[in-house]
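Take a look at this one; I'll ask things after.
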C-alpha cells in the first residue's frame, strides 16, 4: 500500500470517469456537459456505428453471376443453403454458333437461422456471386422468416462495399470490386 | 408549520401530512433513483443510462413502475404466504416511520419529539424484521441465507450507528432532532461561530462511523452481502416479483434518502445554511430544499462508494464492526465527553 | 522444439541439432521405460521430438506411476480414446433420400487402420503427460479388447484424470477400475449409447438430406472454371 | 460391474460422511444448488455445494448443459469447416482456438505458413488473448461485488474487438485462419489503429490496477483464498495463468513455440508465488500488459510477402497423427488430430483448458465459504464453451 489507500484511488478512477463522460469537451467549452459525446455507447436506433468494410453482416447474392454450381451448398458446414436450378437453351454468343446450355437459378435460399456466418460459401464461390455485406439489420420476429430468398439476398448487393486497400507490405492480389 | 396548520380541521391536517410524507419519501426516492442509479452510475461506467423515456430518460422510473405493476405477483408454492406477502410492507413502514422525526424547517416537522433520534434509531431496526420475514417466508435457500446475513449484519451495525450518534447527542445536549439542528446553527467552534457548528467538523470520527454503518444498514456495497447478486442471486428478494419487488426496490432508495437525511441533520446542520437567522420564516420554505440538497450530496457519497468497491465477506464485515467501528465509536464518546466537561 | 521447417538455413541447422538432441533424449526415455515396464511396452514411435508409446492394458497404471514418480512427468494433459473402426456412415453426404425415414444399409466396413505406434484392437486409450521443467512430453496409448472395455484408472496418480475418464467412460463406454465414481459428465443420466463410437449415428446429419445433392451440372474444374460453366458471366 | 457399483456407493457414502463432517455441533448440512442459471456462473455451470452453515463441505460441478459434441461433429466436417466450429469453443478469444488446429493440420500436411501469415497470426492470437482477459479483469471484480470494472472491460475490449473485426470480418468468430496461411491480408491503416487500441488497453490495465487490484477490500477477499500448490495444480492439468500464479514458470508460447513467432519478440512470462485468487488475477493483469507489448513489437516487424502457402484447393490431409498445443487465453489448448487421408479428420481430441482448470474445483472448494466459491470460480476463469465443448 502506498501513501494513498487503494480505496481512495478507486474512488478517483470512478469519479474521474464521471467527469470525463459528462465533460468530454476540451478548451473553452470544457464546462459544457455533453454526455452523449463522452459516453462510450451510442444510442443505437438513433445513432448507428458503421461496421468495418469487412464485417460479415449478411450474405448478398449477385444473381446474374450464379450458375447454380452447388459449390456453396456443398461446402456449407450447416447445410443452410438451398439451391434449385434447371438447364435452358440460350441463344448462341456469336451469330451462327450453336445454342448454349445455361443454368437458370430457380431458388437460392439461405436459412439465416442456421447460418454460422463462417463465410466459407463466399470463399468457395468461383463466380463472384456471393459477397459479404456489413448490413446487420435483418432480424425477424419469427424464426421461420429468417429463410431469405433470392430477391432479398439480391437486394443486399447494394450494400456491399468496395474492397479496401491492403496494409503496406502485402502482396496479396486485390479482390475484384463487386458488380452493380 | 404546526402553527399554520392549527387553524385547519383534523382531517385536513392529516391529509396534508400524508401527502407531505408520501412526497418526502417517494419523490426523494425517485430523484435518487434517477440521479444516482440511472445517471450518475451510468456516467461512472462511461455510458448514458436510460435516454428514451422522457427527456434524458427522466420518466424511466415511471416506466419501470408500470412494468413492475404489470408483472404477476408470484408466491412460491411452499412459501409462508402471509409472511412472504407482508415483508415488503414491513420494510417500507420502517422507512416511513423514520421520516416522522425529521425536521424540514423551524416549523416544518411532523412531530417534534424530545426522544427524536432515539425513536429514529429504534424504528430503523424494524426493517430487520421485514428482511428476516422475507428471507424466511420465501422458502428459498438463497433467500434464507440472504435474510440471515442481513439480520446478522444489520444488528451488528446498529451498534456503531447508535454509538456514533451518542457523540452528537452529548455535544448538542438534546435528543430532539430539531434542537440538534438549532444547536448546530447557533453553536460555535471553539469560539468561532461564523458558520455555526456543523457537527461534521467536531464530530468527524462520528460522521465517518455513521456513514460506514449507514452503508451497512442500507446493505449497499461493500456491505451488500444480504443481496450479493453474484452469490445469492438477490438474497432475500430473490423470490419477489412485480409490485412486491418494486416495494423493496423503492424501499431501498427511500431508506437511503431518509438515512442520509438523518445524517444531514446530525452532522451537516439539517435544513440550516450558514449566514441566515435560523428563526427566519424563510427556512420553512427553503429548509426542506436545503435538506434535500444535503441528502443528495450524502447519497452521492453512498452510491459512489457502492459502485466503486467490491464486497466484503461476512466474517470481514463482522470483524470491521466489532473490532474496529465499535471501539472507535466508544473512544469517540469518551473524547467527546471529556472535552464537553473540560471545554 | 519442433518447428515445422524453416527457410532460414542457420536456424534450420540449429533446429536439426535440437531435434537430434531431442531424439537422443527420447531414445533414452524409451529405454528406461522398457526397463521399467518390460513386456508391457509394446511399441513406440518418435517424430519431431514427440514420443508415442503403446503399452499393454495391464501396464497402463504402471506407466502412469513410472512417468509421474520416476520421470517427473507431473503435468497431466488429457486422457481420451480413439475408436479406430471406420465410420459406417461416412460423412453422411452420399444418401439421396431422407436418412431418418429410410435409413440406408450400413456400408461394408473398410479395413481398420491404426495410426502411429500401431494398434491391434478397435478401441485405444490415448493420454498425454508433460514434464514442464524440461519441456518433455509423452503420448501414451493402450489397446482395449472390444469385448472387455476396461482399464486401470489413472486417478490415484493424476487426480486430474478423474473427469477425463468419466468423459471417456461416457463417450466410449470404457470402464476404469479404481475410479472413484464413474458418472455421466456431459450427457443426462439416462442417456443410452456412447456417442463418440463410430457406429453411433450423428442425428443432425441424418434428419434432413444434404442440400448439396441437387445436381444441376458437374462441379466446375477448380483451376479453370470457364469450360464447365459456359453460362457464367465473364 | 459390481466393483464400479460398489465404488459408486462408497463414493456417495463418502460424500454423505463429508456432509456430516462437523461432528462437534451436529448441524444438519444443506445442499445449495448454484446454477445452472445463476448470475455468477457466466454460462451454465452448476455447482452442487453441500454446506454446513456457510461453509462448504463438498462441492461438485455439474456441466454438460452446453455440450455440443464438437469432437463428433468435427468427424463429419472437412478441415476448413472444422475451423468455423471450433471458433465457438472459447468464444471470447476465438481466433486462438483456430490456431492449434490449423497448426496440427499443417504439421500433418507438412506445409508452413509464410512468415507474414505467421506474424499476423501471432498478432491476432495475442489480440484475442487481450479481448478474452480484459473481460476477465472486469468479471473478476463482479464476482467479488464491484459492478463498475466490468463496464470498463466491455468499453475497452471494444477497441480490440473492432480491430479483430476490421481484419477478419467477425467480432467473435473470425474464422480467419486457413491451412497454409490466412484468409486475407490486413486492411490498410490497421496497424496504426491497433497500436492505438493497445495504448487504450494499457490505460485500461492501469485503471483496473487502481480500481480493483489495489483495492484493500479486493485484496482482503482474494488473498489466501483458493490456494493451489504447484504440484497439485499440475497433476490436475491446470494450465495458463492458473498454474503460473502457483509459481510454475511454464508458458507454451516460450517453451515450445510452434508456428507462432513469439520467439521473435522480447517479452516476459509472469509468475506469482502465492497461488491464490489474487495471484491469478495479478498474473492475468500482467499478461494483458505483456500481450500489448508483444503486439506492439510484432506490428513493428510484420514482414512483407504472401499470406498463403501453396496448398491444394481441396484439402486432403495425409494420414497421420499430430498433437499441437498453444498457450491460449484460458490456458493450454491442444488438438490431437488423427487423419486418414480424407477430407475430414478421423478423430479430433480437443484438449480444452477450462475443462482441466475446473476439474480442480472439488478439491479446491472443500472448506471454503459460500462467497469464496464465487471468488475461486471467478479467479480460475473458465468459459463454459471451453468446458463443455
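Letters A, B, C and D name the chains as they come in the text, with residue numbers starting at 1 for each one.
Everything below uses one rule, namely that a residue touches a chain if its C-beta (ideal position, glycine included) is under 8 Å from a C-beta of that chain, and two chains touch if they have at least 3 such contacts.
Small disclaimer: the values here were computed from a predicted structure and weren't measured.
Shared contact partners of chain A and chain C, listed by label, are D. C-beta contact counts were set side by side for A-D and B-D; A-D has more.
Separating the centre of chain A from that of chain D, both taken as means of CA atoms, is a distance of 28 Å. Taking each chain's centre as the mean of its C-alpha atoms, chain B lies 64 Å from chain C.
Centre-to-centre separation of chain B and chain D, using mean CA positions: 44 Å.
Mean C-alpha positions place chain A and chain B at a centre distance of 52 Å. Contact with two or more other chains is made by residues 222 of chain C. For chain D, residues touching at least two other chains, in rising order: 77, 148, 152, 155, 211-212, 215, 217-218.
Contact of a single residue of chain A with at least two other chains is seen at positions 7, 10, 13-14, 17, 40, 75. Interfaces, counted as pairs of touching chains, are A-B, A-C, A-D, B-D, C-D. Within the complex formed with chain D, the residues of chain C that make contact are 1-7, 48, 50, 52, 68, 74-78, 80, 82-83, 86-87, 91-92, 113, 115-116, 126, 128, 132, 135, 139, 157-160, 162-164, 171, 175, 177-188, 195-196, 200, 202, 204-205, 222-223. Partner chain A is touched in their complex by these residues of chain D: 77-78, 80-81, 83-85, 87, 116, 148, 152, 155, 158, 162, 165-170, 173, 175, 183-191, 207, 210-212, 214-219, 302-307. Chain D meets chain C in the complex at residues 3-4, 7-8, 11-12, 63-64, 67, 69, 71-73, 75-77, 106-107, 110-112, 115, 231-232, 234-238, 248, 250, 255-259, 313-314, 319-321, 323, 325, 332, 334, 336, 338, 340, 343-344, 347, 349, 351, 355-356, 359-360, 363, 388. Chain A contributes residues 64-65, 67-71, 73-76, 79-87, 90, 100-103, 126-127, 179 to its touches with chain C in the complex. Listed in rising order, the residues of chain C touching chain A in the complex are 93, 208, 210-212, 214-217, 219-220, 222, 225, 229-233.
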